[in-house]
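Read through the structures below before going on.
Here chain A shows up in two complexes: once beside chain B, once beside chain C.
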Partner chain A sequence: MSAGWYPLALADGIEPGTSAGTQLFGKELVVWRDAGGAAHVWEDRCPHRGMRLSFGFVRGDRIACLYHGWQFDGAGQCRAIPAHPHLDVPETIKVATYRVAERAGVIWAADAHTEAPEPAARDALTPIRSLYVDRPVAAVRAALAGAGFPGADGAPLPFAGDAGGLLAFGAPEPVLFAALQPFAAGRTALHILAVGAPAAEDRVALAGAAEVLRRALEGASALAEAAA
Partner chain B sequence: MPRASYVFLGRFEPASFAEFVRHRAARLAIAAEIGALGAERIEVAVAGAEELIEMFEMACSLGPIDCVVLDVLRRPN
Partner chain C sequence: MSLVLYDYALDENCYKVRLLLSILGVPHETVAIDMFPGSEHRGPAFLALNPRGTLPALFADGLLLTGAEAILAYLAERFDESGTWLPADPAAFGAVLSWLHFAVDELSAAARARAHAMTDAPADEAAVVAAARAALRLMDDHMTKREFSGGRFFVGETPTIADLALFPAFALSRDYGIDHDEFPALRRWIRRVRAVSGFLTMPGIPDYH
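Take a look at the complex of A and B:
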């Protein structure tokens, strides 16, 4: 992973006791939240047989692999192997882990040894939705910086700059933020949040506008490729 | 500490299988010493908890993608 922090999910999209798979630069990751509320980001691969841990079950402060039930604690250390209940599990059986920060309603991850500062905190944001677009992150960013983000009324919210890893939209004050996740080559995830507490119909309208944006981004690329 | 000697028979890329053996042994925290390392026969002596030795055997019976393990012989040391 490149240096720095990357958004992986809307924080409220990962409930305590659940897990989800995602990707960063094509690398498969599991995002899971233990019963105590702490979020974890790991390589999405059980060290036993390679099963995705995102298919597993969260039990208390551990996640258990779906395949043979190997249990891993919050540090990624294997703590129990059901087939060998009396085995003193060696410290070497461990999942690769990443640093995690929850800021501005987003779960961010960084390489375990990163020295990059954590993303900035930002209060009073309402999560709208995550959106997956079949376009490279640079193209999505360029399009958003050029045309803005569609607002609840359909009119574009102008791009207002980069704010601590989030793209801001709206004038004179930002009313919408988007975090761009480099999912894989040619695929980007957008995690969208609104400032304040918009009414339910506005949240639905923003979510719908995001769909329009996705179609525009993917359609524009298809037209450009057809013309090339 | 339990010990065992393994003979893996099959079709091997020896360097690839040796790396696989070292990686799995390190993950399972068992000692592994590679003996004969050929294209059709590879010998490995191991020492560690019995459960972990059995996991090692299972892992190596699958092997890396460029090797095919046709048979595994185990002898106690």
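Take a look at the complex of A and C:
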């Protein structure tokens, strides 16, 4: 993973006691939230036989692997091996972990040794959705910078700059933010948030606008050409 | 009353029916049919019972019912005293039927992709996986928007047979090479379906012990 912080999910979308798989530059990661609400980002591989930990299940402050039930605590340390209940689990059985920050309604991760400053906090945002698009991140970025974000009423929200890892849209004041996740080669995730507290029907309209954006980015359209 | 379900444990359409029978607590008999590798559903004995040669097949007091979605509707109509699994309200009824149609039509790509992955059934793998992914996106788009007003299931406030008809294609998507990573609203939705009282697993859908 390159230096810096990367968005992986909308914070609201990962409920306590659940896990989700994702990718960053094609590397599989697990994002999980323990019962106490703390988010964790790890390499998505069980040290036992390599099963994706995101297929597993969270119990309290541990995540358990689906295959043979090995349990890992919040630091990635294996704490229990069901087949050997009396074993004092060696400290060396550990999952590689990442640094995590929850800012602006998004779960961000960085290399454990990163020196990059944490993403900026930003209040009063409402999550809209995560959108997964089969286009490279640079192309998505270029298309959004050029054409803006489709607005709920059809009129595009103009691109208003990059604010601490979030692309801002709308004038004179931003009304929408998007954090871009380099998912894998040719694939990007956009984590989209609205400014303020829009009503349910406005959130539905913005989520619908995101579908329009995905069709435009992936299909034959002016926006796709801008992204090419 | 006699209900006999002709069933194959690894078939996602049979699973839909097993789910509703369990949720509604309907007593029934099950006859296992060896679909793979035995192709028993294409053999003379089974064809004599169900000339379509399809599973699941339900005999309800002698009446033959075929097609998982039709069987779900029959069971809900006959045994669901709450009236919530197939709601009578025209708008909700229509929406449930639309999703049942989606399960038969768009999601047939998922069934074909899975059959191809698990039993080598012939299919254009890239095409069926792409079609299944496009269908799952539509489902995720729908549930994303439902959640804004507190919707927890595909139609209405409580689970319906639409949720059961749609569930296996996503819950089993890893069988045919589609991860859950790109479908956050569907990840949340399948946890709600799993929490329904009477829920059952099948091979490929883990029991979180």
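Keep in mind that, in the parts below, the second predicted complex is superposed on the first by the 219 of 228 C-alpha atoms of A that agree within 3 Å, B and C clash if a C-alpha of one lies under 4 Å from a C-alpha of the other, contacts with A are read in each partner's own complex, and residues count from 1 in each chain.
Just so we're on the same page, a residue touches a chain if its C-beta (ideal position, glycine included) is under 8 Å from a C-beta of that chain, and two chains touch if they have at least 3 such contacts.
Owing to the predicted nature of the structure, the values given are computational and were not obtained by experimental measurement.
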{"item": "Clash-or-fit label for the pair chain B, chain C on chain A", "value": "fit"}
{"item": "Touched partner set for A:G148, first chain B, second chain C, both or neither", "value": "neither"}
{"item": "First, second, both or neither for A:H84, with chain B first and chain C second", "value": "first"}
{"item": "Touching partner for A:R129 - first (chain B), second (chain C), both, neither", "value": "second"}
{"item": "Partner chain in contact with A:P47 - chain B first, chain C second, else both or neither", "value": "first"}
{"item": "Chain C versus chain B, contacts on chain A by residue", "value": "C"}
{"item": "First (chain B), second (chain C), both or neither touched by A:T92", "value": "first"}
{"item": "Touched partner set for A:V204, first chain B, second chain C, both or neither", "value": "second"}
{"item": "Which of chain B and chain C A:A9 touches, first, second, both or neither", "value": "second"}
{"item": "Superposed model, angle subtended at chain A by chain C and chain B (C-alpha, nearest 10 degrees)", "value": "80"}
{"item": "Touching partner for A:G165 - first (chain B), second (chain C), both, neither", "value": "neither"}
{"item": "Closest Cα approach, chain C to chain B, once both complexes are overlaid on chain A (Å)", "value": "21"}
{"item": "Touch list for chain A against partner chain C, complex", "value": "9-10, 13, 15, 18, 20-23, 54-55, 57, 66, 69, 129-130, 132, 189, 200, 203-204, 207-208, 211"}
{"item": "Footprint of chain B on chain A - complex, ascending", "value": "47-48, 81, 84, 87-88, 90-93"}
{"item": "Chain C to chain A touching residues, read off their complex", "value": "141, 144-145, 148-149, 174, 179-182, 184-185, 187-188, 191, 206, 208-209"}
{"item": "For the chain B and chain A complex, residues of the former touching the latter", "value": "26-29, 49, 51-52, 55"}
